[in-house]
Amino acid sequence: MEQRTLWSRMMAIDRRILYLILAVNIVGALMARVVLEPNIPPAVRSFYETIEALQPGDIVMVSSTWSAGTLAENQPQFEAVLRHLMRKRLRFTIISFTPPARDISHRLARRLTREQGYVEGKDWAHFGYTPDIVLAVKGMSEDIAQAVRQDVRRVPIQQLEVMRGIKSLKDYKLVVDITPSDTLTAWISFRPRDLKIIYCPTSVMAAEAYTFLDSKQILGMITGAKGAYEYEHLLGIVGLGTRFINAIQFSHVLIITFILLGNFAMFMQRRSRS
Amino acid sequence: MGSYQHAQDNWFAAFIIVFIAAAVLINIWRARAGKQLYIRRIPGLDAIDEAIGRSTELGRPVTMIPGLTAFGVEAVQALTIFKYITKQIARFATPMRLLTANPTVYAVAQEAISDAYNEAGRPDLYDPDSIRFLSSEQFAFASGVAGLLQRERVAANFMFGIFFAESLIFAETGNIVGAVQIAGTVSFTQVPFFVAACDYTIIGDEFYATSAYISREPVLLGSMVGQDLAKLAFGSLVVGGAVLSTILGPNHPVIQLLGKPGGWEPFMQWLSQVLGRG
Amino acid sequence: MFDTRENIWAAFWMIGAAILIFALIPLLQTLPPRGRYLLIAFVTFIAGLFFAAEFFLPVDEKTGKNFLTDPFQRLQGSLQVITALSLGLGTYGLIRLHLRNAVQRRAQWGYSIVLLVSFVTMAFFSVWNTLAEKGLLGVQRTPLLERAFTLLFDYTLVQLDATMFSLIAFYIFSAAYRAFRIRSVEASILMFTAMIVMIGIVPLGKFISDSIGLPIMMTDEMRTNPFALETILYSLRLPEVANWILNVLNAPVQRAIEFGVGIGALAMAIRLWLSLERGIT
Amino acid sequence: MDWLLAFLPLNFERTSIWIGAICTLAIYSILYRENPFYRLFEHMFVGLAAGYALGPNLVDVIYRFWWEPIRQDGIWWLSFVVPFGMYLYFIYNEKYGWVSRIVIGALIGASAGLAFQAFSSRYLPQLQGALSKVLWYPPNSTGEIYISTILNNWIFVVILLAVLTYFTFSFEHRGAVKRTATLGRWLLMIGLGAIFGNTVMARMALLIGRVYYLLDSWLMVRIGGG
């Protein structure tokens, strides 16, 4: 009798207990220091190698269009990319196409660059936000000072030290597009012909991008938090991607464990009944 | 060329559309002329009737959610089913709420539901405030629905139309308050969540069959028969095409013709070559 | 704002059009019910015919357009305009409901006040912000706008939205726990597939496969010899199985559903276009 | 002490982050049960969303697709669009309500007319993809074809047909058809299970994003490193 109530109670467990377990599991996994070896897909390797091939002092454009909604997928990518750029001592500029994306990327970039001794205006700059990506890419391909005018701190582009010797996108070596939405087509269609693109989509957007990988219109891709984790592994760092993928996979394990437990309880209950 | 801008991108498109249109229209005409057409009863219908029965016993409200369905064919279909449900519950004076995220659907729903009460002979029960536009933003809408389902402790929850990620928010909240839930959607990616959280789920174009069965309209019945013919054609094309691909190779112009945008011209070139040689 | 000739002309047209269109209503009102039905069916048919003809009529080889293509784009814009107008209709319904709640002090009317205040505040800053972004009507960005909009949009609306979305994570857990039981053949199939995919797509799947000693790499030899033990063992790796389920088993299922839905939608479109559907319009 | 000073909402940025955190916690409170705190933020959310939509939808759309073309391109006939659309607003009027149906009719007609292009673009390439599956080594194949590809193609065609059979309605399912349809239903469950399993990852990422916001931005617990 005692047994039976246990099993049936377990089958009809209060869902709030489940919610709590999941929340605790995620916080725990975020803090955990476990690192599992990833499978590195070719697209991630070529992403890494494209940045590795650049020379110190080359300039890179980071197109960052994500905000709170897709933080877990795009922030690990953003952080890992910036770390890689700074490790290679590359110059970079950031541009966003929505206002929240501007705020979040500027705040993060300030934090990350401070750690590496990069100076805003000298080693990097944030171009703020432009509503129309097509116009922006077209304009910057001709003349950045004209198209963007001033950076996010309202310093005119001509006065930025980081932009010395750089007139338009034609002088850039690479674009990194970090995005949850369709910004890639504008970059592919309207960039200067020789400008290389690497891509950081969310997992939902990745499926559509494989054709661009095949056609070499993008040279590499890291997909969501999982891609960031694989990329971090190549960089030899433990960043958000690794923390997040741990949290994701432990939640998978948690769900599977509970499905098995639920079935076990059902089985035991049936047995004790018969 | 990746997609169809015009029928000219591959005239095969025009051919197949005309075929489907003919299959549908001829059968509609047959049905209207009095021909008795058969349509299989799908289990989802019993589930709908059962849910209506249980909610009338409880006396608590019934909710109907056409999802984020934009105004178009699916919205009309969903409203047909909601009208049927409303007519049934009107007999027991069970209150209803129809919650929508689309203002045009909202406008049309007002008329449809008021018609339903008229047809059921209870125009006095119709309350315009029971049909609510909550928000056109996906998750603002979801938050409103989740709050309402819990506050009113609904007895039954019907979800028909097009759904996105918010589907599980509705279905789990409904489950929490113990509502009987029936969902029907053509959004394949949301079906698993409905299956997991609802009492019954009407999948894919069973959704279209449901309203045909409910209304017994000759137009809908005829259309269903026409659609089956079109499915038969698609099935045969797949089998025939696979055999042809195996014989001719998958890149042969004949295979390209069968659906690929831009497949018309290589086919015509190939045809003129073959004819010229013959 | 009406400082140029263009603006005056545009305003002239708009006022004229409005007068004409609204003057039409008393005239329309004289129609008998049958005439009204026919008028609606006619408008429906013509609207459909335009878009259908644009698709079916041959196009010019060079431009890829036919004579309907340019007006087609304008009309699509007009459809968006009408949809935007209908949004006003929905918002009107929402505001009317809550105004009434507030005025008549119905149950929970305080929440209606919250809703109305949020609406008015956000509407004000949203319109201001959109105008300023486009530089319309001489509207400028100010620090007040920047701060208020950041607070209302980035730190309230966006946060609420993202949190609401993330509720699904909790619900997916409780739904899986409750629903995935070996009760019937169908439920069991659903459960096993979901579990294999869940474990196969995370790095742990690779880790487990490695630890039980399954081959790590697909060699060229394995590719040419599919029935060798090594090849079979390799294809039992969890990531491979998960991928195979997603790409080989799931894809045709999805394709079949898509075909059914597509054909159904096309049939429905034809019925609506020809006003064969009774009941709604 | 330093942490506390930095944590408290003493400047604009910290206040914003606090507001975001409160919003997050308010929505999560529904996981416990429906409550006044949730209700307050639910109503705020709906109100804010409705207000926000006015800017982009009304200003952007009406300005871009109506006012600008009339003024700049002189497309005079567009000026009829908005008054015509206003017919929708008669819907609440008993006497004139029917004129709103003219607009709705136009919308329905347009969506039907657009369906032909949508059908062709969406389904015909899928049809072509399905029917170009080779069932044996084709004669003049470019690139290598493995036996596994051929096996997978057979599986593809058989599953497609079985599921399609399940979705037929105009005749009774019995005998072989019934068995095929049942098989189709089981295969359908495999597809649904696969989607379920595959979606969990993206949804967990959302929750992790929120937890990270609370930990990192609000409570200022640093996670990660590098």
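By letter and in written order, the chains are A, B, C and D; residue numbering begins at 1 in each of them.
The definition used in the following text is that a residue touches a chain if its C-beta (ideal position, glycine included) is under 8 Å from a C-beta of that chain, and two chains touch if they have at least 3 such contacts.
Just so it is clear, the model here is predicted, and its values are computed rather than measured.
*Asks:* Which contact partners do subunit B and subunit D have in common?
*Replies:* C
*Asks:* My parser should flag the chain pair with the most contacts; which pair should that be?
*Replies:* Highest contact count belongs to chains C-D.
*Asks:* Sort the other chains by how far their Cα centres are from that of subunit A and give me the top one.
*Replies:* Result for the farthest chain: B.
*Asks:* Grab the C-alpha centre of each chain and report whichever is closest to the global C-alpha centre.
*Replies:* Nearest to the common C-alpha centre lies chain D.
*Asks:* Between subunit A and subunit D, what's the gap in Å when you average each chain's C-alpha atoms?
*Replies:* Those two chain centres are 21 Å apart.
*Asks:* How many angstrom lie between the CA centroids of subunit A and subunit C, rounded to a whole number?
*Replies:* Here subunit A and subunit C have centroids separated by 24 Å.
*Asks:* From the mean C-alpha coordinate of subunit B to that of subunit C, what's the distance rounded to whole Å?
*Replies:* Going by mean C-alpha positions, subunit B sits 15 Å from subunit C.
*Asks:* Quick one: subunit A and subunit B, Cα centre-to-centre, how many Å?
*Replies:* Once rounded, the distance between the two centres reads 36 Å.
*Asks:* Return the residues of subunit B touching two or more other chains; collapse runs of consecutive numbers into ranges.
*Replies:* Answer for subunit B, listing residues that touch two or more other chains: 4-7, 17, 71, 73, 76, 104, 107-108, 111, 134-137, 139-140, 143, 146, 165, 188, 192-193, 195-196, 203-205, 227, 231, 234.
*Asks:* Please list all residues of subunit A that touch 2 or more other chains.
*Replies:* 15, 19, 22, 68-69, 71, 226, 248, 251-252, 255
*Asks:* Can you tell me which residues of subunit D touch two or more of the remaining chains?
*Replies:* Each of 20, 27, 30-31, 39, 41, 45-46, 48-50, 52-53, 88, 91, 104, 107-108, 111-112, 115-117, 119-120, 126-127, 130, 157, 160-161, 164, 167, 188, 191-193, 195-196, 199-201, 203-204, 206-207, 209, 213 in subunit D touches at least two other chains.
*Asks:* Draw the chains as points, connect those that touch, then say whether the picture is a line, ring, star, complete or other.
*Replies:* other
*Asks:* Throw together a list of every chain pair that touches.
*Replies:* Every pair of chains meeting the touch criterion: A-C, A-D, B-C, B-D, C-D.
*Asks:* Quick check on the complex: what are the subunit D residues that touch subunit B?
*Replies:* 27, 30, 33-34, 38-39, 41-42, 45-46, 48-50, 52-53, 88, 91, 97, 100, 104, 107-108, 111-112, 115-117, 119-121, 124-128, 130-136, 138-142, 153, 157, 160-161, 164-165, 167-173, 188, 191-193, 195-196, 199, 203
*Asks:* Residue numbers of subunit D touching subunit A in their complex, please.
*Replies:* 20, 31-32, 200-202, 204-209, 211-213, 215, 223-226
*Asks:* Note which residues of subunit A are touching subunit C in the complex, please.
*Replies:* 13, 15, 18-19, 22, 36-39, 67-69, 71, 99-100, 103, 131, 226, 229, 245, 248-249, 251-256, 258-259, 262-263, 266-267
*Asks:* So in the complex, which bits of subunit A are touching subunit D?
*Replies:* My answer: residues 16, 19, 22-23, 26-27, 30-31, 68-73, 75, 79-80, 83, 202-204, 224-226, 232, 237-240, 242-244, 247-248, 251-252, 255.
*Asks:* What residues of subunit B sit close enough to touch subunit D in their complex?
*Replies:* These residues of subunit B touch subunit D: 3-7, 9-10, 12-13, 16-17, 37-40, 42, 71-73, 76, 104, 107-108, 110-111, 134-137, 139-140, 143-144, 146-147, 150-151, 165, 188-189, 191-193, 195-196, 203-206, 209, 212, 224-225, 227-228, 231-232, 234-235, 237-251, 255-256, 258-261, 263.
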